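Each of the two complexes below includes chain A, the first together with chain B, the second together with chain C.
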Partner chain A sequence: MIEKKLEELYTYKLTMQRTEMMVASEKDFTSSLPLAELTKRILVHPFNLSFSLKTEIYRDQASSKMALFRKDNIFIDQVAIRIASRDLILLLESNFYLKQNLVSYKKLVPFTDVESDYKSKLNQRKQLRDDYFARWKIEQMGHDVNMIALGIQLVNFFNL
Partner chain B sequence: MDFTVIGDSSEPSVAYNFMKGFAEMKSRFSLASNYYNPNNSCWEPFIEKFEISLEAIQSIHNTPNLSLSMTVKKPLNINISNELVSNSIFLSL
Partner chain C sequence: MPVSVDFLFESIMLTLWDETRELPLTRLQAINKKMSILRTQDRKVYFDFKFYELQAMKYHPVSKDEVTEASILSVTAFSEHQSVSMMSNRRFLIRPGLNLEYVPFQDEKDAAFGKEEEERISGKAAPYSENLTIKVSVIEGRKTVNVDMKDLKVMIYLEEMMRIFDFIIYVPEPLLEEDREAQIKMGEVVEYREPTSLVFTVMANDSYFCIPSGTEYAIILKCKKRYTC
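Here is the complex of A and B:
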């Protein structure tokens, strides 16, 4: 009975294709060469990832009750993570490089105060949100999560 | 050495279902581990592929209860060879 009266509240979808993680020297990254031609080491081999979230609600106007049903679908392709001793050294070096370069960001001037027009709009939205949550008694009634993960492989190789 | 968790595209690796007063989680995946034998220049199995099914059911109707089950259908085979031990000792030094 309830199923027929369900209405979609919001849906999010996120897809990441050929996601990979690599380390390379600063010289290579700042060069104008295309990525494929860089001298690099791949830590996480390219993989695909998708995530979708769908939320449906059932409103009972008389009692101001709202039942919330959520469905999540996650797909994670085969993930291969390869770490050798050389990669660890490169990661430590890159961490050192980042620390050195992030110091310059601390000198940046922070944002000035938010403009009054924008602030009033934000307050209006906040009021609308508060009114909505004050009116409806929201209760999560169901949550389904389906995850398909094709596998993860962790390979370490330490050449001492 | 590698550690591999293998899923299946035909059914969810993890399925979680919650309805008010009842929650259920099912998971099915395979595990395997290999190590590199430099003498033979090949990867050899340390833990042979085996499948695990996990199931957890929680209910809070009347009396709260939680049921957990783990099923392994095939025997778990672990191969400890001379090469593996000598490689492990070498790495730990």
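Here is the complex of A and C:
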């Protein structure tokens, strides 16, 4: 018999109010120029977004059953996107730049490699963690997704 | 026995060192910091941190023992109408014992900028206000973290942030063992690796997040009121 007590394992929430996406000069952004005076192009007009991901569990010590329940809630306000062809190029360049940086990050020596003694102990700890979860029969019992989107408007500009 | 402790600091600097590269990984600088710790009789623990300003820096090597500094995160008293420069360009020599020694600017214009920076860092430029508050509570293993920031400017260098995160989660095993022994002594033995609840909330008012593109222009996300995760 699964315990009646419901425990919250973890919850992630993201709420972004009056969020907008824009393109501006990086130099202006990092300078002391007041941000309200940035020369900018708005890509996504202010919108509201909220997202929550909640995972709860029932645990039954006797039968070693752990039942997982997930509840996702997503709310997206009306979104207006105005994007020019040069913005698409900038988005691609940003994506490429991020990937390049991530490649260099992955080449860095991990901190765990500094001391081999620590590395072996961390492996032991990982084993202990795996052993802990191995004795539970984890079963996902439910996954509710509620999504509300109030509309989207997409305008694309091409420079001719 | 309930315990309540209050601290007040003018300025605190915390430098994280990347020993794999023999370079400073990041430097966190908090100004006018108030810290309160409360532990109640029923073992509820509350931490309360309040700052006037918070800066995070990253470092680039320019020679074997010299680095330059650039701001990656800034929480200040200034509104979007009075922004703060994130271009520091200050130089430091790496001295034995992992010490950073500031190299004064040679150029007059840079020196004036440096002076302005130092005045701002010393907290003389604006009256005290609580621009960053962090509240942490631990109640029966359930942790709640609330972070509230005003006028936040962030450069999202993903690789730097991931490296800092790697640093934070890497805790040498002897320290973990010591912590566990301390818990046992205090009679707070919990099942090993028992999942516990954590609620982490960030609220950032009038915040700007810049995603660099490697070109002159960058994508900027602006959140006017609230950003939570």
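Here, the second predicted complex is superposed on the first by the 105 of 160 C-alpha atoms of A that agree within 3 Å, B and C clash if a C-alpha of one lies under 4 Å from a C-alpha of the other, contacts with A are read in each partner's own complex, and residues count from 1 in each chain.
The rule we apply is simple: a contact is a pair of C-beta atoms (placed from the backbone, for glycine too) under 8 Å apart; a residue touches a chain by one contact, two chains touch by 3 or more.
No experiment lies behind these values; they were computed from the predicted model shown.
J.: Figure out whether A:65 sits in contact with chain B (first) or chain C (second), or with both, or with neither.
T.: neither
J.: Answer with first, second, both or neither: which of chain B and chain C does A:57 touch in the superposed model?
T.: second
J.: One more residue to check, A:149. First (chain B), second (chain C), both or neither?
T.: In the superposed model, A:149 contacts chain B only, not chain C.
J.: Now for A:91: first (chain B), second (chain C), both, or neither, which partner does it touch?
T.: In the superposed model, A:91 contacts chain C only, not chain B.
J.: Any idea whether chain B or chain C touches more of chain A?
T.: Of chain B and chain C, more residues of chain A lie in contact with C.
J.: Where does A:157 make contact in the superposed view: on chain B (first), on chain C (second), on both, or on neither?
T.: A:157: touches chain B, not chain C.
J.: For A:135, is the partner it touches chain B (first), chain C (second), both, or none of the two (neither)?
T.: neither
J.: Taking the stated contact definition, name every residue in chain A that is touched by chain B in one complex and by chain C in the other, in rising order.
T.: Residues common to the chain A contacts of chain C and of chain B do not exist here, since the sets are disjoint.
J.: Mind pulling up the chain A residues that touch chain B in the complex?
T.: Residue list for chain A touching chain B: 139, 141-158, 160.
J.: Looking at the complex, which residues from chain A come into contact with chain C?
T.: Residues of chain A touching chain C: 7-27, 29-36, 38, 40, 43, 46, 57, 90-91, 93-94, 96-98, 100-102, 104-105, 108-115, 118, 121-122, 125, 128-129, 132-133.
J.: Give every residue of chain C touching chain A within the complex, in rising order.
T.: Touching chain A: residues 19-21, 71, 80-87, 153, 155, 157-159, 162-163, 166-167, 170, 172-173, 176, 192-193, 195, 197-199, 201, 208, 210-229 of chain C.
J.: Quick check: in the complex, which residue numbers of chain B touch chain A?
T.: Those in contact with chain A are residues 1-9, 11-20, 29, 36, 90-91.
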